[in-house]
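The two complexes that follow have subunit A in common; it is paired with subunit B in the first and with subunit C in the second.
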Partner chain A sequence: MEALNRISAVALTTFRETIRNKVLLHLFGFAAAMMVLGWVVSNWSLGEPEKIIADIGLSVTTLSGVAIALFSGIVLVWGEVEQKTILPILAKPLPRRDYVVGKLVGFGGAVSIVYAGMNLLLLLLLLVFGEGITANILFSIYLSWWEVLIITALALLFSSFSSPTLSALYTVMLFVAGRFSEDIRIYISDNPLAYSRWILESVYAIIPHFGAFNIRLEAVHNLQLTSGRLLIPSLYGLAYLTVIVVLTTIVFRRRDLA
Partner chain B sequence: MNENFKESIIVIIGMIALVSVIAMRHLLDKVTTREPELSLLYLPDKQLIHAFALGDDAAGADLLWLRGVFYIAANSVEEKQEEFQHNLKNKAHPSSGGKREVIYDKTDFRNDPTFQAILFWNLNGTEAPLLLGLADRVTDLDPGFVTPYVYAATSLALFYGRYKEARQIIDKGVLNCPNSWEPLYHRGFLRLFYENDKVGAAEDIRRAAMIPGAPIIVVQLAAALGIGAGQRDVALDFLRSLREITTDDVLKQKIDDMLKVYGEGTQVVITERKTDVKEKLNSMFAGDSLR
Partner chain C sequence: MPDSSAILVDSIGKTYYLGVRRRPVEALRKVSFEVRQGEVYAFLGLNGAGKTTTIKMLLDHARPSTGRCSLFGIDSRIPASRTRVGYMPDLPNFYRFLSTTEQLDYFGRLHGLGKAERLDRSRRLIQLVGLQGRENEPLKGFSRGMLQRVGLAQALIGDPALLILDEPLGGLDPMGRFEFHKIISDLKAEGRTIFFSSHILEDAERVADRVGIIHQGTLVASGRMAEIVMKESGFRIEFRRSGIDQPFDTIVAAKDWQVSYDESLVTITVPDESSLTLALAMAVQANLAVYTVTPVRSTLEQAFISELEKWKH
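Now for the complex of A and B:
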């Protein structure tokens, strides 16, 4: 119970700090502008404008969510360490583990709220100009949220031991690699060399499988989805998030902040 | 010089600059507008778009499609309409060099010079090969995107006379979009008008009419084909339905011109309700009922 209180105290402070960050507002504005632009250009497509609104909208909300997580996350721990504001916090009876979990909960909550706001705008656009809101669209938003959360956690992990530039570089690299995980799998199946197969399979196992969270094609064409297509990526996301939190805790616990 | 004067000078300079910016916009448009040959659309391959869109293939497909549509609109066939109108007026086959040809086999509507002028007029546009490649790549990225199949097929056939390529892309659409009536309907059009395959066309239109969401005009057309209405009437019905369905204004205009010159004909009117017509379609299409 005490641990929960400590975590919620850190989470609440982090949530407030993040929400006040102007980067969030700018990226939200950018996402809104892109969605409206998507609606404008959809009328020039000679057909299926609602598909283009949904495609561009879903893509923009996910990418903006990732960008918010990235730009705000990379300075999260680093900023407190640099300004030494972390020292009085950790001087209190607050284990570093609780600090990390609290940071992630607060930051993840703030990013999720902004992500939800962007998607509400998208749903409004779909309701007014598109073909309405389907369950598949909502599922797609839900699965992309896991992608945003994993990027949030990765940014926090890198922020706990390196500079913002390097954190951004590492997070972007993992994001891009994760987006192409499906291609790595295809490449593995076509690759006859055993030793490189082993390396690639290791890479494939480690990097986040963001392709699993992408059901945007199924969403826009309203194709049938199995419950496993939603459940398994959710469990995978939860497991991956746990791994990152544990890793962040270990790294941060060993870090000399003096 | 006092401060107020200096400030006034700065404001005046700013206003002159602003007026210059606005005035120069037209000049800029002139010098930056490229000739069509110079602004050829580069068609990146599927893998490149996949990488560029960070694996978001559907959004990548949309952006490529919109870029292609803008290009084709900029190099539109509209400017070539005058030549087309001349041939249409003279009911001349393109190969006749615009001279009137009146002798044709009236038993087959495809030999009618008006139809010939419409269907086989090759504009030789540089956009034609691009259109096939564009539609092919967009639909590789998003196989469920119906518009590129339909637009590319109708444009390739009706504007460039390249119906083999049109057939190629629409066949891909029929395969990839089994729940959409549009590729089947347009394949039926190509089969009837360009391949004279009445049985195949009737079967495609019947299948299109049975798919949920097919407009009533397609169902009526299927019925007209099924009851073996006269060729001319069926052809005109087909064009009327295409005019109603298409979103492309240039194509609409082309069909309007054609209907004006060729005559309104007798429309095969199906007065029954859509569901009743649908129920009867299967029995109507037992064998080749077209004459």
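Now for the complex of A and C:
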């Protein structure tokens, strides 16, 4: 119970501090502008403009959510250590584990609010100019939210031990690798060399499989979705997040604060 | 371990490894000292001497490479050791978009205080540090002195038995320093233990019961303020000259006392009372008239410089 109180205190403060920072508002404005641009482009297309609005809109909200998580997340712990705001916090009877979990919950919450705001704007666009709002569109938004959360956690992990530049590099590398994880799997099955197969299988096991969260095609074309298509990625996302939080705690617990 | 220890530092060392080649740099070397409950302990040293590094070990901001330290008998690596501790960092910095009230509420929650208690303590502390009227402003517009006031308030929110203050008077103007001295005296009167680092010796001389002097990562002196200062104290005796006092001069020169001459007076500085008695007896034998005897009390600054000089040799 005490741990829960401490975590919620860190989470609430992190949420407040993040949400009041105008950088988030600027990123939100950028994402909104991109969505409006998507709507303009859709009017010039030869195909079905309603589907293009949905397709571009879902991509823009996901990528903007990832960008916000990335750019704000990579300075989250690093910035606290550099600016020494962390010193009085960790001088309280607060285990570093609770600090890490609270940070993730608070920052993840702030990113989620911005992500929700962007998607509300998208839904409004779809309602006015698109084919309306389907359950698949909502499911797609939901699964992409897991992708944003995993990027948030990865940025937090890297910011707990490295500079923003390196953290950004590592997170982007994992994001790109995660987006192409299916290609790695296909390559493994075609690759006859045992030693490189072992390496690739290890890489495939470690990197996040963002393809699991991508149901944009089904959403745009309103294709049939099974419950497993939603449940399995949700469980996978939760497990992946848990592993990252544990890793961040282990790394951060050993760190000397400069 | 003595029950009366608020802080016990047992032979801690800290080595950092810098650069790609992991060059070892010893920031602390076998530092040991004890701070008893209820006393004010000044931890003195030049910039880069190891004061902040020692404080980091106490608060588990960094782990010692060797040795261990404890707060109220609990290993400092355990978060519970900080339950009765308040800490104010050197150059305190806080979340820029939160107000003083929100910060204090946050720190109160980390101490496990209930809402009513947090509100009550915040209100009193805001008054104590003189931030009433500005408590709801975000801290991004606060000066260094004001941030230090917030720093003191957050250090006190958990009603700590031990206060650890890192260079608490560094950024304060004369009025701020005066107020701060008063607050420290009041906190001491309430029975709290205060451990503060400083390179401003005047502050230590005014408020500390005991002093530790650290230099280049080594604790070169530790003890009661009076003991540290007395090491550099003594007596100054002035004699009237009555001509050529050759035998007396020779004996005095052999004693390694400080001697100076002018036309009518011989001035001798002796280190302690036994030397004073001896010098007076010798003066009587040599038929010298004692003009004045003055106790010489050195300042902490002189003692500090002397300790560092001794350490160099």
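Quick notes
Everything that follows uses one rule, which is that the second predicted complex is superposed on the first by the 257 of 258 C-alpha atoms of A that agree within 3 Å, B and C clash if a C-alpha of one lies under 4 Å from a C-alpha of the other, contacts with A are read in each partner's own complex, and residues count from 1 in each chain.
Operating definition for what follows: contacts are C-beta pairs under 8 Å (C-beta built on N, C-alpha and C of every residue); 3 or more make two chains touch, one makes a residue touch a chain.
Computed from a prediction, not measured in an experiment: that's the story for all the values here.
In the three-chain model built by superposing on subunit A, subunit B and subunit C fit together without any clash. Contact with subunit B, but none with subunit C, is seen for A:R216 once the two complexes are overlaid on the shared chain. After overlaying the two complexes on the shared chain, residue contacts for A:V41 are found with subunit B alone; subunit C is out of touch. Look at A:P93: by the touch rule set out above, it reaches subunit C but stays clear of subunit B. When the two complexes are laid over each other on chain A, the CA centres of subunit B and subunit C sit 150 degrees apart as seen from the CA centre of subunit A, to the nearest 10. Of the two partner chains, subunit B is the only one that A:E182 touches; subunit C does not reach it. Contact with neither subunit B nor subunit C is seen for A:L169 once the two complexes are overlaid on the shared chain. Of the two partner chains placed by the overlay, only subunit B lies in contact with A:D55; subunit C stays clear of it. Of all Cα pairs spanning subunit B and subunit C in the superposition, the closest are 34 Å apart.
Across the two superposed structures, the residue set of subunit A contacted by subunit B and also by subunit C is empty. Residues of subunit B that touch subunit A in their complex: 50-51, 53-59, 61-62, 65-66, 69-70, 142, 144-147, 150-151, 247-248.
The touching residues of subunit A, counted against subunit B in their complex, run 41, 44-48, 51-52, 55-56, 58-59, 62-63, 176, 179-180, 182-183, 210-211, 214, 216-217, 220-221, 223.
Interface of subunit A with subunit C (complex): residues 2, 5-6, 8-10, 12-13, 16-17, 20-21, 83-85, 87-95, 256-257. Taken together, the subunit C residues at the contact with subunit A in this complex read 16, 56, 59-63, 79-83, 85-89, 91-98, 102, 106-107, 109-112, 138, 151, 154-155, 158, 164.
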